[in-house]
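Pasting a structure below so you can have a look.
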Amino acid sequence: MQTRLDIPTQGPGLYDITGAVAQQVAGEGLCTVFVRHTSCSLLVQENADPDVPRDLLAWLDRLVPPADHPAMAYLRHTAEGPDDMPAHIKAALLPVSLQIPFSGGRLGLGTWQGIFLVEHRTRPHMRQVIVHIRRDT
Amino acid sequence: MQTRLDIPTQGPGLYDITGAVAQQVAGEGLCTVFVRHTSCSLLVQENADPDVPRDLLAWLDRLVPPADHPAMAYLRHTAEGPDDMPAHIKAALLPVSLQIPFSGGRLGLGTWQGIFLVEHRTRPHMRQVIVHIRRDT
Amino acid sequence: MQTRLDIPTQGPGLYDITGAVAQQVAGEGLCTVFVRHTSCSLLVQENADPDVPRDLLAWLDRLVPPADHPAMAYLRHTAEGPDDMPAHIKAALLPVSLQIPFSGGRLGLGTWQGIFLVEHRTRPHMRQVIVHIRRDT
């Protein structure tokens, strides 16, 4: 009922995990996705135009600039690099877990919704995601 | 155990769906609410003073101005109107799903908590929400 | 299967409730934590360096200044003090509920993840949190 996905990431971006989550699902119930990190996120977001994730990341970078940006001079948690504390802040704003009902073996996502892992760090990482499936009986 | 609500919206605002969700609930368990769109959100928020949703929306509009605002000139996903990409950004910040425990047939909401659909788009929409009820046995 | 935690707070901060949640857990299943207020939040965040919550709170205060700050002059919901409407806004951005799978009697948290109640108000409060445990069978 629980599966772990290992998602490799190469820098900031939205990594589509819709298929990997969908294939855990059968029958009717509730799917929970949980990411085991504090510098990346999960997100349900538009799945069609690649400009949407690009614009979203550009906006997030303006909202939370790197720690070496003058506007962020008040940050103290800087020893792990200029992308680290901003990654924690972004991880506070975007979800650490998602819950999606399913029925007839299909996730209840809308037409334009995909499930993404959002990487906030610059360097490559291997990210662990738990998919918990609870079938209604 | 799953019900779909169809919520008509007329522009940005918080639409109270507390009653529609509450009437799905009986006994003890966990209620999940999921919205099937990427340009509106769900939110648990203050239910008493209408100035609270007004102030919240005003703040969100300053945080994420329309795409035709000079500060947003870097956006590329603009073909669907100046309110579309900002709606996707707001939908990334606010929840796509909510989980609320219930017992004695009542949602575990605090006194001042209501459940809202938050519309981010300007034009009228019909929004689909899935309410998933799982009773403890 | 539902337990209520009462968490006393003394002003803005991240209050670690990981232990109180973890001790509700046995076997395998899904843990849901829900906070019954609209001026505080729940959060999974880094649990090691105290500079992380400090920097996060400092950033949030810049994003949402007190209502008596000139930049916030458009706010109308100000009768409950300059920290109240900003608290509602922060409570819209950070989670009201968290879902964490568990197995072998242990929450599926990553090494650096803790569960926190985030207080947004200035004065001391007693905060109510519901922990809902659903074991897989």
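Order of writing sets the labels: A, B and C. Residues in every chain begin at 1.
Here, a contact is a pair of C-beta atoms (placed from the backbone, for glycine too) under 8 Å apart; a residue touches a chain by one contact, two chains touch by 3 or more.
Fair warning: this is a prediction, and the values are worked out from it, not measured in the lab.
Trainee: Compare the two sides of the subunit B and subunit C interface and say whether they are made mostly of the same residue numbers, over half shared, or of different ones.
Mentor: different
Trainee: If you fit subunit A onto subunit B using the CA atoms, what's the rotation angle, as a multiple of 5 degrees?
Mentor: 120
Trainee: Mind checking the centre-to-centre distance between subunit B and subunit C? Centres are C-alpha means, answer in whole Å.
Mentor: 19
Trainee: Hey, what residues on subunit A touch two or more of the other chains?
Mentor: Only 63, 93, 95, 99, 134 qualify.
Trainee: Note which residues of subunit A are touching subunit B in the complex, please.
Mentor: Spelled out, the residues of subunit A in touch with subunit B are 28, 30, 43-46, 49, 51-52, 54-56, 58-59, 63, 93-95, 98-101, 103, 108-110, 112-113, 134, 136.
Trainee: Under the stated contact criterion, what part of subunit B meets subunit A in this complex?
Mentor: Answer in residue numbers: 1-2, 32, 34, 36-38, 63-64, 74-77, 85, 88-89, 91-93, 95-97, 99, 128, 130, 132, 134.
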